[in-house]
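Structures follow.
Below are two complexes that have subunit A in common, paired first with subunit B and then with subunit C.
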Partner chain A sequence: MTMERLAQIVNRVVSSPRAPEVRESSRFVEDLGFSSVNAIMLIALIEQEFEIDLEQHMTQLMQIQTVGGAADYISSVAADAK
Partner chain B sequence: MQRPPAIIDAHCHLASNRCVPREFFAGVAANMARSSAFQGVPVSVDKITQMLWLQHEDHMGDKLVAQMDEAGIARAVLLVPDFTYVFKSPIDIESIARQHVTVRERHPDRFWVFQGVDPRWGKEGFDLFERAVTEFGFEGLKLYPPCGFSPSSEIVFPLYEICRRHRLPVLVHTGPTSPTLDFTFADPYLIDKAAREFPEVNFILGHGGVNLVEQAKLMCKYRPNVYLDISPFPVVLCDGGWPQHLTSLFAQGLNHKIVFGTDWPVHSLQTGVRPLMDELFSERGPLRALEQRSIDGIFGRSIAELVGKPYGN
Partner chain C sequence: MDFNGLFERASGNARGTLKVKRLDGNMVTVTHADVIRDAEALAQGLQDRGVERGHLVGLQLPNCYEFILWDLAAIRIGAVLQVFPEEVDLKTADPSFAADRFALFMHANLSFESLGPVAPDADIIDDRDILTRAYSSGSSGYLKGLSISRRGTELLISDFIDAFGMSEADSHLLFLPLSNYQQRLSVYACLFAGMSLSVTDFPQLFAALRTDKPSFIIGPPAIFENVFNAFKADPNAAASVQRFLGGNMRFMITGMAPIRTEVLEAFNTRFAQTLLEAYGVTETGMIAWNTFDARRPGTVGKPIHPEHVHLMEDGEIVIKRPSPLSNGYFYSRQGEGHQVFKTDGSIHTGDIGELDAEGFLTLKGRKKEIIVTNAGVKVHPEQIESQLGAIPGVLQVAVLWSPGRKQLAAVIVVDGASEGARRSVATALQEYNERAVSYRKIGAHVITDAKFSMDSGLLTRNLKYHRENIYRHYADAIER
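The block that comes next holds the complex of A and B.
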């Protein structure tokens, strides 16, 4: 469920019509062409969509390479926040 | 093509928010906010500033060293710009210098340090710089003219005199930077008078292979003591991307004046350095037409010679 919601958000950030399909294994930089601005946009949208605060997780978030890795991390943050 | 005996990154920074005032990040955030809003996701400048701030917590250089190890980089020059005069920051430059001493002790033989001092601090700043050289063993001077001074202003000359006496290089920031600073002092030509007055001092135009490149190239070609670095090449504004830009730069007979740099953590915090190195040294990469002597020079030998250290494994 988290993965599906996250994929929709990633699709919104990567708005290019030539963007590849977003998969769990998709790497943000190498496969999706993420820039630093894209990363900022993604984090802001995740906070809105999942109603979580990621400020204290910046260091860990910047080390996540794939969409699936981000989904797992968000799930754990959301679970802790409940 | 062989990788050089020891790759040296001549331009990087500690990703520590204890070294950079918040106002610097706020300027960077202002540009990112415009871009994200254009792409349909408005994010406030304050929010982005905070995000950037929280990404810079590698106070002891552990993450940087891990990146270097992964990318095959033996050593790096840590540049310590002095923003404390222009931003009237609570951070003082001596504390920042001592933080870099601690980082060096924690990671022996991995870092050379170029200490920054805003020349408007006057004698207090000059004395601090000399102490950084004689007591801390730092290897060079870092200047950040967009803080509001020309690198050829005579107020800077006492710092160059210290560099001349101790045979130290000077790395001068060139090109646009955080919009909270003054770009008019970022022109590579502004180094001309200083380079002429201090022929025994070697000057490196920081980002000269990326920003205002035509001016930087001409300074390197016609001033024997002027060099340039190629940081942060991944974000160069070029139709064909950075590989094409570097291929062209390396084909102009200036390779004896060019040194490699990443500008870590700026622009590469997310990607990491290894993918960049792999692309640089790939068979079809921008080094494909270079002789080994040029590769060794750009990726290590030249910066080692500039700081007066032996080069090798």
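The block that comes next holds the complex of A and C.
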């Protein structure tokens, strides 16, 4: 569930019109060509869509390399917030 | 704006606040009067330690309240603050660096209390117009040290306040390093005009937009390109973008690199925002900008002072103004100073421009990037790059001269170099070649999925193409 929603958000951030398919194993930088602006935009959109506050989690989030890894992390933050 | 009046004026600002982290990480929100009081106290403390007018004082700090206080305190005393970018090694920034030339040197691991007395043989700078020293990574990607003019700064801030009708109803969010002089100009402008200011770090930019609700921001195109991508398919784009930007945005200025016209137009029409392109170089300050009253997408607007802007025969933009932002380099690679700062007081930007009938300026490319074909035709690789860059799937493209083939060549970076991706890019390139005039045709091309990066040496520190290195890297493939 989280993964599907996240993949949609990642697609909004990836700039190329012919972006590669977003999978759990997709690496942000190597596979999706993420820049630093892409990364902070992704976090901003996640906060908006999942209605969570990630300010305290920036350092950890910036170290996550794959979309699947981010999905797991967001699930746990969202669960803690409940 | 004038620095003599800045302190008194800012002390009397009724509404203006400053929100920024302290060096210890704690966020503070203070009034402009608090800022001035704290800066005056620091100035007194520095003078008690022996800092005098003209003394060179070093500073290397992240964005924080202390940075702003040191800056203002130095101005108060008439000392010259030399600000180093946070991420660089001091010797790398400036091989002539010597600690004992600075009366004091403040960095993040120090506190004011731990600073010793003033260095006995510290440099004294006599020129009263030199406000501060800053580093700028020019188009070459190497750091250059600039002496900044007090008068030049004052004039630029006045121009900005006038052109955009800035008042204490405005508020600003600053998210680039304060070591970049443009950001410090914004701090002075806010204090002078009574505008509230929030200072953050780049990773917090989008969160800060929501919480601090600025009425104007200044940023590189990448920021706006990302907002465009995120909301271009949104059926309620105008409302969504407005909310994303905090809901209080009056206008945004972009510059430093070209922005796609598609992005600019989406902001100004579908997103119902005001995004204006501007052009300036640190050596002389802002040169042209689009304003509410005079704007044309695809141009960098009208020159702020048309009488200061001269186009040479080859189209190079040369600025001659009474008080440029910089008085010259105090550090640069050999010969660079003479290429830019001429003895007649003019400043050669190295940018090629064109003025249309109504006086709007369009940037065509960099003078040193111009390729002269064997037939003597001048080609701006940037223009062809922006055309080829629009091909779906293309992430980066560098257009180069192939001396072997005596033709243009292109190195095209695609998103995932599958056989299908390569084929469709090659087909699009062929279509481009069929339409292009002979001297703009691409004779040889390389398609790769290896992005140009700083690590590989194919991008400069400014993230611009290092065409020389790109050619060298792909020479075999281009020339075979």
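The rule we apply is simple: the second predicted complex is superposed on the first by the 81 of 82 C-alpha atoms of A that agree within 3 Å, B and C clash if a C-alpha of one lies under 4 Å from a C-alpha of the other, contacts with A are read in each partner's own complex, and residues count from 1 in each chain.
The rule is simple: contacts are C-beta pairs under 8 Å (C-beta built on N, C-alpha and C of every residue); 3 or more make two chains touch, one makes a residue touch a chain.
Just so you know, these numbers come straight off a predicted model, no measurement behind them.
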Partners on subunit A (subunit B, subunit C) - clash or fit: clash
Partner chain(s) touched by A:Val13 [first = subunit B, second = subunit C, both, neither]: both
Contacts of A:Ile43 with subunit B and subunit C, given as first, second, both or neither: both
Partner chain in contact with A:Met62 - subunit B first, subunit C second, else both or neither: both
More subunit A residues in contact [subunit B versus subunit C]: C
Subunit B versus subunit C as contact partner of A:Ala81, first or second or both or neither: neither
Contacts of A:Gly33 with subunit B and subunit C, given as first, second, both or neither: second
Subunit A positions touched by subunit B in one structure and by subunit C in the second: 12-13, 15, 36-37, 39-41, 43-45, 55, 58, 62
Subunit A-touching residues of subunit B, taken from the complex the two chains share: 32, 35-36, 39-41, 43, 47-48, 50-51, 54-55, 57, 267, 269-271, 275
Subunit C-touching residues of subunit A, taken from the complex the two chains share: 12-20, 31, 33, 35-41, 43-45, 47-48, 55, 58, 62
Complex contact set, residues of subunit C against subunit A: 202-207, 222-223, 225-227, 229-231, 233, 244, 392-393, 395, 415-416, 421, 451
Subunit B-touching residues of subunit A, taken from the complex the two chains share: 12-13, 15, 28-30, 34, 36-37, 39-41, 43-45, 55-56, 58-59, 62
